[in-house]
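Look for subunit A in each of the two complexes below; its partner is subunit B in the first and subunit C in the second.
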Partner chain A sequence: MSTLVLSPGPAPSLEDDVITRIQIDRSCRQTVLGYYASAVFWLLFGTAAALISSIKLHHPEFLGSWEWVTFGRIRSVHLNTVVYGWSSMVGIGSLLWLQARLCKVRLPHRIVLPSTVMIWNFAVIWGVYELLAGNSTGVEWLEFPTRVLTFFGYVLLVLFWTSLTMFSRRRVRHTYVSQWYLFGSVVWFPILYVAAVLLPATGLVSGAAWATTNWWYAHNVLGLYITPMGLAAAYYLIPKVTGQPIHSYHLSLLGFWANALFYSWIGTHHLVGGPLPAWIITVGIVGSIMMFVPVITVAINHHMTMVGRFHLLRTSPTLRFTVFGAMCYTAVSFQGSFEALRSVSQVAHFTHYTVAHAHLGMYAFYTMIMFGAMYYVIPRLTRNEWSSPRLIKVHFWTCALGIGLYFVALSWAGWYQGLMMNDPGVPFMKVVEYTKPYLVARSLAGTMMTTGHVAFAILIFRILHSSSVPLVGPTLFTTMRGEMR
Partner chain B sequence: MNRSWSFLIGVLATILFSMAGLVLVPNWQFQELQPVVDDNEVAHPVKPEGSTYLGRQVYISEGCIYCHSQQVRSSDFGADIARNWGTRRSVARDYIYDQPHLMGTMRTGPDLANIGARQPSREWHYLHLFNPQITSEGSVMPPFRFLFKKVEVESVSGAERRSKWIQIPAKYTGAGKPMYLLPTQRASDLVDYLLSLDHSYDLPEAHQ
Partner chain C sequence: MKLAYLLIWGCMIIFGMSAVWALVWAIRRGEMSDFQAGAESIFDHDEPVGKPTDTFPGRHS
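Up next is the complex of A and B:
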């Protein structure tokens, strides 16, 4: 078994341990950096599509004559590139590295895995082309043509196989909580994706049941694919950077299974008030409320691990991004549970409020944690350091303030949009006029986040080139004594 | 190794359990839904065919779904019916021919489940699609100019030509000669589809 890192035996010395880690990192280098670099490309691409969509919503004449970028197309290009380009690729990269480190084995299948980077990119490029050309399937979150399934499906199969290989060769008896979440993602997502694409495509599911299938898929992408990868990274990074073990093993066990059990049922809260039998909607609402259980357990676990160590947020870029994301996980989940209630949904559904909520989840929670993960992992893979703490600061503050402005502006606009729409005395065009200033604010917030992403891309570009700062000590915002570097 | 197996079984069980509940059972429940036949022996809902089907594809292609829903909520839930977006709530039977469903999740623009009944003018739809500001000033809907040919002429002759061409109001043409719109096939199909959107037929379960 060539992938075994150490010969079996008594506890390894500290030096052996360091060598083991370096060997694991080296084995991950090509594949994980491939996924990360692609992810950053799709982040920039998806952000550009987002900004164009956002401007079009208050200035509809912007690029208005060009069919390929009409709002309805460029908006789905945004969604699909940030979900399948950015979020998936940064998630898969982190997942492979975390599993290798947690199992203490070198990354296996090193001929097949780098090729999956190309295949996944090809699938996203193809999908984006079809969307721009107007060949969307018309199913939200599954707009890419059905045949893309073959490529995503193949890569997901390889990932499952890789995870099994690493797990079966693991050199650590204990299975850490991050590994459960990662393994969950690897098993759940292929099943979700294949079922949601194939059942309707073969005609087995149709009509109104297509809508329940659609939202069973679209919300589970978040709960059983994106969220587990985000939480796995947070569960790993917070104890690593603070040097403090996770607060409670039992809480993390409860959190994992409660998430698996309840999250999988909540998708139909997207159809509250819709043309479906009451039981289908009620199941979605009950699941949403039950989500308080896993969310509170995760929140307690992360918070208690951080207690007494919040001063490290001033120092460590990884920790600052990760803790910001972990806090937003609690916030977005609480909000989501309330949003599912019939009384809240009556106002918030069909409005920008939902859009704000979605970005609190996908961006403030998941994306920020993934930024934190990349700040931690990439120096270990490249043996280079981040070139500029100032650029990292620009990245953090433009993104944090940008998503903050985004969330406040759109939540406010959306809530009043909903109240006004539910008052038949208010003409529809009045509602449209009311939201316009907030939509401009959203474009402003988007511009801030774009600035942050460009700063991040510059950092990534520099660290991937050997001319960068060699690895001596970590790049921190301030040193531990509070001196500016 | 036992614990690994129970873990894997647990992970599989949760997802398959929810798939049964939210995908298979609803599909089984809706499978028996049949169209209703009204007094004039017309079956409802009407299956989109021919130009209506093609128009539906244009609706999907241009992403209309991202701003327009196609579902009417009941009178005690929101103001859909008070806003005249429908005469009754939508029910699962309205969607038996929808492949894929276009229920939508956003109302940047109004609901379109009954747009054919609410706005039956072909000309209105052409002008609105060409430049939403002509019919709905202040709208944030994108213009779909690329679905039209614009013709500048001194005068239009011939009855047939006149019926196909739509004059753009002088305010939106700039100075000079009158301008006419010639809808492409896709614009014509799309409007056929929009005009077909009409759930005003009665279904017993919508009153329960």
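Up next is the complex of A and C:
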């Protein structure tokens, strides 16, 4: 057995701990804030594209004479800006900060990393232009032209290298569960990404094989890239904010390895009923059901860590967002496992039900946890305080109620839409008319979430602005406050 | 079609093998020998177990 890496010299004192933490946070400042600020810009941009798409579904004449924002283009712009703009950039920012804190080392490569913020933004801007101009590849989740996607590939390799550098220099004995998840993201996603981009680009696959690659990629983006970053943040923030170690550490590790072993199987459940060999789809369904194992471990851990501490949800913005997201992780994962079954898919597939499920995952789970992470991280990087508790509450309640309304309206509409479409006696236009009020409800929900995002953007602008309120009191730095400002 | 399946299953095997390799590595390093220490590794002297570390602005005690 090789020896464990230990901190050199005597055990660190309270003062050493504070200095180390402040130095680590300071080293992350430029890069992480760059990723976060860009993420918020793309959040607003993606939200605007979402609202336009949503309104067009019940009022098709809205902006109807402008070909750049026809539904087929603006909907892809929404998907790609929230995935590659918002979700990726906020995730990468959090990933770098978490890895630096957990390895207890300063962020390395501080010239290369800020440049990756610019490269990533450039790629998203270019990709959005191509989509608006009508040059989508037509492959969902990979709509950006391949030459745009190569820029993302470069940044992903830099992130992989940065994570390895930090891990090899780490000054802690234990590899915390969040680090396993973060390594999942930086190791698996580049492999997946290169495979999914290169294969169609070679022209060697087409038709059903292309669809298989497409959905294998699209679902793995969630499971091997987005979910690990979200869970890594939750596994750090919930114990850290409550001051309580996670309920069962061995269950958390079991959950990670179960996720690692089962998740990459499940993408083909998107093709239930499609023209593929039955065993390929069955593999996807089996993998989806196996996901109960990691999901239950995460649910037990997050819930039991919170038991007796739910009152902290009143006082901590980070906890409020993160716990909401963690609960929705359990919900979306259970729902997803059942949705993979052939009998359920027969009704839910190709309806609004799937759209509701996707937003429960990407928004109610991931985005809410990332909001929580930003509320925790940004004051520690800027050393400024959030300017308004009221705006934070507006942000939380509009987003929480908005996504709640969104999910309920579209799940209900989608399920009945599926039942009606399976009945050959129901005319198609009747199905369309039935869903219309629910689509209006979706636009209303989207407006609520937009309000929350604007409130959040105001908070971000103020805290990044030099004249904002300096940090006081225990949003963390109880000592060394004066010295390190 | 065959190439696509080869690539997909190949990648899945790589993902699975990487997870198994990491598990073996972690066990050999003794990561699984002290779960309590692992759970408490995110706390330190300044932010010890039992101390909440986040509040709404203006509600500091």
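Assume the second predicted complex is superposed on the first by the 465 of 485 C-alpha atoms of A that agree within 3 Å, B and C clash if a C-alpha of one lies under 4 Å from a C-alpha of the other, contacts with A are read in each partner's own complex, and residues count from 1 in each chain.
Simple rule for what comes next: a residue touches a chain if its C-beta (ideal position, glycine included) is under 8 Å from a C-beta of that chain, and two chains touch if they have at least 3 such contacts.
The structure presented is a predicted model; accordingly, all values stated were derived computationally and were not measured.
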| item | value |
| --- | --- |
| Partners on subunit A (subunit B, subunit C) - clash or fit | clash |
| Touched partner set for A:A195, first subunit B, second subunit C, both or neither | both |
| Contacts of A:I22 with subunit B and subunit C, given as first, second, both or neither | neither |
| First, second, both or neither for A:L157, with subunit B first and subunit C second | neither |
| Touching partner for A:T212 - first (subunit B), second (subunit C), both, neither | both |
| Subunit B versus subunit C as contact partner of A:V307, first or second or both or neither | neither |
| Subunit B versus subunit C as contact partner of A:I392, first or second or both or neither | second |
| Which superposed partner A:F428 touches (first subunit B, second subunit C, both, neither) | first |
| Among 8-16, 44-52 or 62-70 on subunit B, the segment whose C-alpha atoms clash with subunit C after superposition | 8-16 |
| Subunit C-contacting residues of subunit A that also contact subunit B | 180, 183, 187-188, 191-192, 195, 199, 204-205, 207-210, 212-213, 216, 224, 257, 260-261, 264-265, 280 |
| Complex contact set, residues of subunit C against subunit A | 1, 3-5, 7-8, 11-12, 14-16, 18-20, 22-23, 26, 28-32, 34-61 |
| Complex contacts: residues of subunit B adjacent to subunit A | 4, 7-8, 10-12, 14-19, 21-23, 26-27, 29-30, 33, 59-67, 69, 71, 73-74, 77-79, 82-83, 89-92, 94-108, 110, 132, 136-146 |
| Contact set on subunit A toward subunit C in their complex | 1-2, 4, 12-14, 17-18, 21, 102, 172-177, 180, 183, 187-188, 191-192, 195, 199, 204-205, 207-210, 212-213, 216, 224, 236, 239-246, 249-250, 253, 257, 260-261, 264-265, 280, 312, 315-319, 375-376, 385-389, 392, 469, 472-476, 478-479 |
| Residue ranges of subunit A touching subunit B (in the complex, touch as defined) | 56-58, 60-61, 64-67, 70-73, 75-76, 134-140, 167, 180, 183-184, 187-188, 191-192, 195, 199-200, 204-216, 220, 224, 257, 260-261, 264-265, 267-268, 270-271, 273-277, 280, 283, 342, 346, 349-351, 354-355, 421-424, 428-429, 432-433, 436, 439 |
